[in-house]
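Structures are listed in the sections that come next.
What follows is chain A paired twice: with chain B in the first complex and chain C in the second.
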Partner chain A sequence: MSKTGIGAPVRRLEDHRFITGAGNYTDDVNIAGQAYAAFARSEHAHASVRKVDASKAMKVAGVVAVFTGADLEKDAIGPLPAGWMIHSKDGSPMNAPGHPCLVQGKARYVGDPIAVVIGETQAAARAGAEALEIDYDVHEAVTDMMKTASSPIQLHDGAPKNTCYEWELGDKAATAAAFKQAKHVTKLQIINNRLVPNAMEPRSAVGDYDSGTGVSTVYTTSQNPHVARLVMSAFLNVAPEHKLRVIAPDVGGGFGSKIYVYPEEVVCTWAAKKVGRAVKWTAERTESFITDAHGRDHVTTAELATDERGKILALRVHTTANLGAYPSLFATCVPTYLYATLLSGQYDIPAIYAEVDAVYTNTVPVDAYRGAGRPEATFVVERLVEVCARELGIDPATFRKRNFVKKFPHQTPVIMMYDAGDYAASLNKACDIIDYKGFGKRKREAARRGKLRGIGFSTYIEACGIAPSAAVGSLGAGVGLWESAEVRVNPTGNVEILTGSHSHGQGHETTFAQLVSERLGIGIDQVSIVHGDTDKVQFGMGTYGSRSGAVGMTAISKALDKVEAKAKKIASHLLEAAEADIEFKDGAFSVSGTDKKVTFPEVALNAYVAHKFPSSEIEPGLKEGAFHDPANFTFPAGCHICEIEIDPETGVSEVVNWVAVDDFGIVINPMIVEGQVHGGIAQGVGQALLERAVYDDSGQLVTASYMDYCMPRADNLPSFKVDTTVTPCPSNPLGIKGCGEAGAIAAPPAVINAITDALGHENISMPATPQAVWQAVRKGMAKAAE
Partner chain B sequence: MKMTGEYELPAARQAVWEALNDADVLKDCIPGCELFERDGENGFKATAVAKIGPVKAKFNGSVQLSDLDPPNGYRISGEGQGGVAGFAKGGADVRLADAEGGGTRLTYDVDAQIGGKIAQLGQRLVNGAAKKMADQFFENFRKKLSPDEA
Partner chain C sequence: MPKVTMTVNGTSASADVEPRTLLSQFLRDHLRLTGTHVGCDTSQCGACVVHVDGRAVKSCTTLAVQWNGASVTTIEGLASGDQLHPMQEAFREHHGLQCGFCTPGMIMAAVDMVNRHGGVPDEKTIREGLEGNICRCTGYHNIVKAIGAGAAAMTGGKQAAE
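Then we have the complex of A and B:
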């Protein structure tokens, strides 16, 4: 392994600029003469807007303009669309009303933008927004996803029963038959709590319009600027695609919430043209709480059927998924194809049947959030398996191993074809590292200190490397999910990689450079990664679903193949040898069997000087591009084990021990991978113990600040023991599976399995706050006393 | 938000009833009240400054009296706009009865709703703040009805 190649724990190249304040985020972008936008948002969860009176607002000093939904309508600026078609089980297409960028008719959640005020300063814009007089006709709101389908309150004319779709996957009859044969059935009611994404950098947009060229430019906090440009041009009519430039500079965390196109960047881009100057908006933290797409929010009934030996026969699931007030861009695929397709977990389950009802409520739209469907699936499967093992009196590790998929490829009953893995290997390694055999001793020792100690497993699987285009197209996706790359070799031999992936914390500038370093034998300091600008990179699908390694780097690798092939041709002329005799190794081309060689930078220079080869045979220059469409999803999997100590007097749960053994296939940079695992576990522990977005009955989000929404902090977490096992991914040449979401997927069931193990009973929901745990302890004591 | 309470007042039921219908008395007793004037037969225009947790705002709104049952009670309801802070609306059923040791027992039953920033930032603090405002109101009201202390 070279010091900077594949597998090297290289320090992140981008961190110097981030930690010295030299990053360039959207809010750092300032354009001469820029104005500021402030959005007047609905303070009611469900209300018709009868009138917006801007007369007082226009008199506020520094207010430049006020626009409402009617102004957008006049310019035919379309509503935000749903990007993934789901059909209900009766064959009918989903009900997916568009989301106007400024309210037209009804506001459907607290935070729905009604009007925008453009001001000379941020203060003037905000003062103007406050001076707007909005006349509401307030309607009753519905926030409870279990009541909305039968509620007399209707959110959308085009969505009867407030329902987007009633979808199914799997074989209903075969599953029912298997349940009839079952010796044991484990049944659980599971709530997957609603989360607020809380990226450190709030969303922001700066729109600008060049009247000379007719080009609109928007700087925006996006995980996928090309998709944003496509949606804004093809669906929203903001500007034609060739007259719209979308730039996503440094982005400070996304976790999914920055995949989607939001009203604010559309309005800023459009308004810049209207007022003839750049328009900037940056969310306040409260705005982030009430406008960033939330995550999760499922209510599920799940049943697992087993035979007398504890062999799983079938799984049956009914899930209600809250989509919020509108279908956000990819929201409809999250509780369906990103969820139910993973319900087989790591297990060989002969029959699975899942029903998913997706419903609208007067709450912020819900969409993909770190893991997106797979955490919800993993939570269902891993809770069921743990409880089932306990009910049958089988050790939970043994029960899992008995049911693991052992032969690959493995076709599950829910679409996915697992290509490679060794689930027992990660489980065994995790058990060794945590000293599973010694747990009883640790539990007794904790009891002497008055603590209840529990252990919980999570053997998760997820689908990453999203995704084979034809496959997702057949399932309803509105786009293909390939990736593009371009390798530009400069005459001096350094290299620019243009990628359609987008880094917002993943460290692409380092890992992508490591791939180039490995392949071309040049230092990582000789490589620049260019991303996030639609004027530089031709097209790309962006970063989510842990796809940048498996899909994005494979595209780079393919372009590097072409660069290498051409460079070899040029080298053969420089070395006056047959191309077949040229070998490329450690950054130099040599004639095999001789000491004649030429370095990669020398070849690069000659490619551009073009003196030493016939241009009729070889074009000058050294620049190649590639598109890569993956052949399959990738299937990262692993085992997390969590140990918890509960103080029965206070209900406080302390995570005291955590082992993660993940199989991410080939790892490019183990330090970055470990960082991704740490961050994911922290978010998963946050979901399990601390975080929950709560609406009151009238539709007010009552957890809209850090006073009431509890994020995990360093002191909520132990030092993690992170390790890996490796089965290379067969569907891409680099063998990469992806690691970005694994921690957030694996962690919640590990925590809840540990807590329920400690408490000795199962009935606890996330977040397992001290209050909930304390009550569970008291209930347990009452039960014991009976 | 729901809240109930009970106060003993050192005055006869009729006197309490009259005070409850006196705009000047109400203005003096409502904490933070800057304006409280008659607007129609049973209505009032009102302005009051309220602070809930980190949010302080001036609420402009209207107050209505209904279900008038002199001298036994009424329903007082209202709604106010606090600008960027959001809105508050709600009402209280107020009942008067003779107290055992003389004077009047006032009971109230409040339901209220808040929205916007005040709900997002202050929901957890609303019950406490409302209770405190109610206590303050009735303390002021009691003093009004006790000429010695006025």
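Then we have the complex of A and C:
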């Protein structure tokens, strides 16, 4: 292994600009003469907007213009679409009303944008928005996903029972038959709490229009600028695709929330043309809370059937998924194909049946958040398995091992074909590292200090490397999910990689350069990674679903194959040898069996000078592109074990020990991978212990700032022990499975399994706040006293 | 509009500002020092931390006019020319950042923490000292390691007096 090649913990090349304040985030972009946008948002969760009176707003000093939904309608700016078609079990297509970028008729959640005020300064725009007089006809709101389907309140004309779809997956009859045979059934009611992604950089957009060229440009906080351009051109009619440039510069975290096209970047781009100057908008944090797509929010009934020896026979779930007020871009696939397809977990389960009802409520739209469906599935499976093991009196590690998938490939009853893995290896290694055998001693020692200590497992699996295009197309996806790359070798031998993946914290500028360094034998300082600009990169599907390594890097690898093949041809002319005799190693082409060689930069120069080969046979230049469409999903899996101590007097839970052993296949940069695991665990612990978005009955989000929504802070978390096992991924040449979401998927059930182990009963929901834990401790004591 | 004059990163800076101008706005909008970030507007997240007269201040929650005559250091002024500050170096070496958005505030808060403790704080002290800085990417694991290492480099490794 070279110091900068695959597998090396290379320090990140992008860090210098971030640690010196030289990063370039969207809000750092300023265009001469720019104006500012402020959005007037619905203060009601459900209301018809009768009239927007802008006369007072227009008199506010510095206000340039006011636009409403009617102005968008006049210019045929379309509503935000749902990008994934789901059919109900009766065969009918989903009910997916579009989301107008400014309210046209009814506002359906607090924060729904009604009008935009453009001002000379941010303060003037905001003062103008305050001065707008909006006449509402306020309707009753419905925020409870369990009541919305039977509510007389109707959000959308085209969605009876406030329902998007009633979907199913799996064999209902076979599952019912297996349950009849079962000796034991474990049944749980599970709430997967609603979360706010909370990337630290608030969303922002700067729209600009060049009347000379007719090109609109928007700088925006996006995880996938090409998809944003496609949606804004093909569906929203903001500008034709070839006249629209989307730039996502440095982006300060995404976690899914920056995948989607939001009203604000659409309006800023459109308004820039209207007012003839650039228009900038940056969210305040509370605006982020009430407009960024939320995550999770399921209510589930789940049952697990086993035989007398604890062998799993079948699993059955019914889930209600809250989509919020509108179907966001990928929202409809999250509680279906990203959720129910993972309900087999790491286990050999003969029969599975899942029903999912997706419903609308007067709340912010819900879409993919780190893990997206897979954390919800893992929570269901890992809670069921843990509780079942406890009910049967079987050690939870033993119970898991007894039911693990052991032979690969493995076809689950819910679509997925697991390709490779060794689940027992991860579990055994995690048990060794945490000293599982010594847990009893640690528990007794904690008891002497007055603490309740518990241990919890989570053996998760996820489907990443999203995704094989034809497969997702057959399931309803509106797009293909391949990735593209271009390798541009310059005459001086350094290399630019243009990628459709987008980095917003993942470190692509380093890991992608490591691949190139390994392949071409040049230093990583000779490689630059270009991403996030639709004018530079031809096309790309962006970064989410842990896809950039498995899919994005494979596209680069394929383009490198082509570069190498062409360079070999050129080298054969330079070395006056047959092409078949040319070997490429350590950055040099040589004639096998001789000491004749030519370096990669020399070949690059000759490719452009084009003096020494017949250009009738070989085109000058050295630049190749590739599109890679994966053959399968990838299946990262692993085992996380959490130990918690509860103070029964205060209900405070402290995570005192955390071991993660993950199988991500081949790892490009272990330092970066560990960082991804740390961050994912923190978000999962946040979900389990601290975070919850809360709406009151009238539809006000009562947790809309960091004073009210409890983000994990440094003193809520321990240091983590992170390790790996490796089974290379067989479906891509690099063997990569992906690591971005694992922690967030694995962590919540590990925490809750540890807490319930400590409590001695299962009666606790997420987030297990000190108040909830204190009450659960009392409940346990009362039960014990009975 | 009142005139504000302060020394920012060793250079005198002066501007006529609206009285309501926040220090963060003065730095970002008037001086184009965009390394200081605003993440929450309510002094919870700490992305906006700068040093004012040697002490950490959340610049999104204080008015520029309050600091007339003060000396301000932002993330752009922490290094000495090409020589990174030891805390900057430690964040890079220990992978204490991912998306980079909270990083300027983290580093400025970390330097202040070490200055206040006068040595290398232990892990518990570092974690408690980060109460006012939120990171969504790293899970804090590597930030805590980086601050320990940065503190050692700043102080020659001596332990903080408790």
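Going forward, the second predicted complex is superposed on the first by the 786 of 786 C-alpha atoms of A that agree within 3 Å, B and C clash if a C-alpha of one lies under 4 Å from a C-alpha of the other, contacts with A are read in each partner's own complex, and residues count from 1 in each chain.
Basically, a contact is a pair of C-beta atoms (placed from the backbone, for glycine too) under 8 Å apart; a residue touches a chain by one contact, two chains touch by 3 or more.
Small disclaimer: the values here were computed from a predicted structure and weren't measured.
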Touching partner for A:Gly507 - first (chain B), second (chain C), both, neither: second
First (chain B), second (chain C), both or neither touched by A:Glu130: first
Touching partner for A:Asp696 - first (chain B), second (chain C), both, neither: first
Chain B versus chain C as contact partner of A:Glu376, first or second or both or neither: neither
Chain B versus chain C as contact partner of A:Ser705, first or second or both or neither: both
Chain B/chain C common contact set on chain A: 286, 705, 707
Complex contacts: residues of chain A adjacent to chain B: 43-44, 110, 126, 129-130, 286, 289-290, 696, 698, 700-702, 704-705, 707-708
Residues on chain A engaged by chain C in the complex (per definition of touch): 11-12, 14-25, 27-28, 30, 123, 198-202, 250-253, 255, 284-286, 504-507, 671-672, 674-675, 678-683, 705-707, 711-715, 717, 719-720, 743
Complex interface listing, chain C residues touching chain A: 18, 20, 28, 32-42, 44-45, 47, 74-76, 78-79, 84, 88, 91-93, 95, 97-104, 107, 123-124, 126-128, 130-131, 133-145
Touching residues on chain B, where the partner in the complex is chain A: 53, 83-84, 86-87, 113-117, 119-121, 123-124
